[in-house]
Amino acid sequence: MTLRVLYFASLRDRTGVGEETVEIASGTDVSALWSMLGDRHPRLSAAGVKPLVACDRTYAAWDRVLDGVAEVAFLPPVSGG
Amino acid sequence: MTLRVLYFASLRDRTGVGEETVEIASGTDVSALWSMLGDRHPRLSAAGVKPLVACDRTYAAWDRVLDGVAEVAFLPPVSGG
Amino acid sequence: MVRLQTEPIRLDELIAAVRGDGDGAVALFLGTARNVTAGTEVLFLEYEAYAGMAEHEMERIASLALSDFAVSRVAIAHRVGRVEIGEASVGIAVAAPHRAAAMDACRFVIDTLKATVPIWKREHVLGGAVWVE
Amino acid sequence: MVRLQTEPIRLDELIAAVRGDGDGAVALFLGTARNVTAGTEVLFLEYEAYAGMAEHEMERIASLALSDFAVSRVAIAHRVGRVEIGEASVGIAVAAPHRAAAMDACRFVIDTLKATVPIWKREHVLGGAVWVE
């Protein structure tokens, strides 16, 4: 299963990319994906606190299973306004 | 003692004048002035409720003695905004 | 800045009058002329003010807002004379470093203005006009 | 009306988008770029949005405001990219027949926007830039 992963603000600074494509197994949830991504981008896990997550542009929980999801975004605490 | 008296909105409609000059005795208060003005303009007292009063452009009480006051205004309930 | 005016209210002027570079928030309020009152169609409004005292009261309200809330500047403009449906009869702008104070003060200003500033509205309807008092 | 934009926010456009002839009140809020943060001078701001999701969240907030308050229309505009000191980074307009609902809803919109809309601010200071998160 192919997934588009997006990083914003300081998380993008940590990965060095705003967007990438990853292959995941069926049944993978957000937490498992985050661990995978931490292996690929060591500075990601150094962020300490877990970011917010959006699946297909809607906020989602960390135990959300990604079957059927096309786009996952990791979002630092927002600061618009 | 000469006093300038102002009427606004529906009170001006009742008196037919926006401003007039009256002679009052020293020691006259707002209530006594209002009675005098009611004799001069019968439709004033027909207004029923007592209006608000301003002496020299500041809200004042009905027992305010008018010695030293130059201008008294009778104000219907306000409706600006 | 406090003003009675016959010309339309310009929000950009109110904002320019209040905003400083240390302010992160501007709260604004416009009271606009509605086309209906208690089920009756309104053609236009007319405002009369006790000039001199009205500005004095508006200044007093602005001063109270500045002393009671953590805000930087307050501007109040009110129309006098004829106001067409859809136009603003009153405009308020409050700038502050932070938004809660700006919004609280803006509400205080319009609520107090409506209760104390000597201005009267006349609604012109088909066949006549009535003072709102 | 909900919008992410690189151009300056125009309040007249927001007002035109919300006001109807049955509305007696328009409450507005501008979040403006401050020249200082925690004692440090700020040169300019930069906003990044998760385009698509940010508009979706703003639409959701506008819908909530319309269902929870007696208001007629809501408009929200947020800047992306560089914002100079003094410029508005966000503009909100809410029209309603009566003022209390307009002001309550306007406050709900800005408070909720700041908590949930995926937009990030970067403060550019002398010698660098920091994400506010």
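Of note:
A, B, C and D label the chains in the order they appear, each numbered from 1.
Methods note: a residue touches a chain if its C-beta (ideal position, glycine included) is under 8 Å from a C-beta of that chain, and two chains touch if they have at least 3 such contacts.
Predicted model, so just to flag it, every value in this text is computed and none were measured.
Among the other chains, B has the CA centre that is most remote from the centre of chain D.
Distance between chain centres (mean CA atoms), chain A to chain B: 73 Å. One inter-chain figure worth recording: chain A and chain D are separated by 26 Å, centre to centre, where each centre is the mean of the chain's CA atoms. A separation of 48 Å divides the Cα centre of chain B from that of chain D. None of the residues of chain B touches two or more other chains. Along chain C, residues 31, 110 each make contact with two or more other chains. According to the touch criterion at the top of this document, the contacting chain pairs are A-D, B-C, C-D. Chain D meets chain C in the complex at residues 11-12, 15, 19, 21-36, 85-86, 88, 95, 97, 99, 102-103, 106-107, 110.
Within the complex formed with chain B, the residues of chain C that make contact are 31, 47-50, 52-54, 56, 78, 89-90, 110, 113-122, 131-133. The touching residues of chain A, counted against chain D in their complex, run 6, 8-10, 13, 54, 57-59, 73, 75-81.
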